[in-house]
Amino acid sequence: MGELPPQVQNLAGQLQQVQQQLQLIISQKAQLEGLIKEAKDALDELQKSESDVAYRAVGNVLVKLKKEEIEKDLQEKIETYEVRRNMLERQEGKLRDRLTELQEKLRSALGVQAG
Amino acid sequence: MGELPPQVQNLAGQLQQVQQQLQLIISQKAQLEGLIKEAKDALDELQKSESDVAYRAVGNVLVKLKKEEIEKDLQEKIETYEVRRNMLERQEGKLRDRLTELQEKLRSALGVQAG
Amino acid sequence: MGELPPQVQNLAGQLQQVQQQLQLIISQKAQLEGLIKEAKDALDELQKSESDVAYRAVGNVLVKLKKEEIEKDLQEKIETYEVRRNMLERQEGKLRDRLTELQEKLRSALGVQAG
Amino acid sequence: MGELPPQVQNLAGQLQQVQQQLQLIISQKAQLEGLIKEAKDALDELQKSESDVAYRAVGNVLVKLKKEEIEKDLQEKIETYEVRRNMLERQEGKLRDRLTELQEKLRSALGVQAG
């Protein structure tokens, strides 16, 4: 890259950074979506049960709790996860815009150089 | 491989591709067979129990359900897995035939070249 | 090793093979001892319980069984594991003897060569 | 490093060793803190339950025990973990002091060499 003008090197560096940030956010979003799915699956399962109690595992201990208490906790968890997920989604959108912008700038800078 | 005639290179490339597809299918089949075994083991275990209820874990929540409901779900799961497993088995058979065919073509192409 | 006489190369090859077999057996033994410990821990835990039933997990299904049935299964498991563990221990002993023997032969072969 | 005086090489070697010991202790401390947190979470969970029994998992067996017995075991575990954690903390402190001391000695030794 020693041959490339500093402006192009600078744009390429920014582009790489934005791509790395984007990848991190995409993987964090996927993780949160996994947690949301798991909590929703647990809620669905609880609704199939006729019992008004269920167990919750913490480490190797299984504790009997009221079904409604577990449901409330799961709903709160889902809300918290969804807030975070939506925040990440907004960040992802901004990074994608920034990526497009940088790619255009880079193309144009390379065009100028080639011309 | 620059020394090999294009026909041989082409066959060798196809052979490699078929071997990779075969490996993927074998590993997917093994995974499904694991799932089928686990579901069948759970069914066996339920049949040993005198209780008409059992628990099912979703994440860290354990939900009390009717034994027959869990059994029905397990049977459906097994059927779905077996359909997919059988599809993979047919694909595996076809790929093994294709592998033999390519190996023969390659042997014959190499024989012609050596002669 | 091209400089070493064939007899020494042969002994070194056998030594390496025996060492690999020994390592495999040691790791299989450690695995079995882990399983034996886990089953014994479960037996101990069952003996602390005042209930005459307990649950056993198969995949994500938890099945209620008589305590004595689970205890019987655990005892059988432990016996099976211990038989296998003892077999491995005998194999380990033989391999250790073979290792010592090969090391002595190798030392003596190298001594002859050096002299 | 062949150009460096033996005293500097010696200090650099000691420094590296202390850094490795420090890293090991930090990771052991983090592991213990994870175990302490898990046991405390289980205690909290048990306090939310209205039942006077709970289950404890050993391998795939879930055993019904008195809540107070599980609580007592958890409290003992926490105490044991905390004693070990505090020991590691003291060792960490000593190693950090030793690290600072070695860094100063190394700086001064390199200063002498440069002067």
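A, B, C and D label the chains in the order they appear, each numbered from 1.
By definition in this document, a contact is a pair of C-beta atoms (placed from the backbone, for glycine too) under 8 Å apart; a residue touches a chain by one contact, two chains touch by 3 or more.
Keep in mind that what you see is a predicted model, and the values were worked out from it rather than measured.
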item	value
Chain labels contacting subunit B and also subunit C	none
Set of chains whose contacts include both subunit D and subunit C	none
Copies subunit B and subunit A - interface residue numbers shared by over half, same or different	different
Between subunit B and subunit A, distance of the C-alpha-averaged centres to the nearest whole Å	31
Chain centre separation in whole Å, for subunit C relative to subunit A (CA means)	44
Sites on subunit D at which at least two other chains make contact	53, 55-58, 62
Topology of the chain contact graph, where touching chains are joined (line, ring, star, complete, other)	ring
Touch relationships between chains, expressed as pairs	A-B, A-D, B-C, C-D
Contact set on subunit B toward subunit A in their complex	53, 55-66, 69
Residue ranges of subunit A in contact with subunit B within the complex	38-39, 41-42, 44-46, 48-51, 53-58, 62, 70, 74
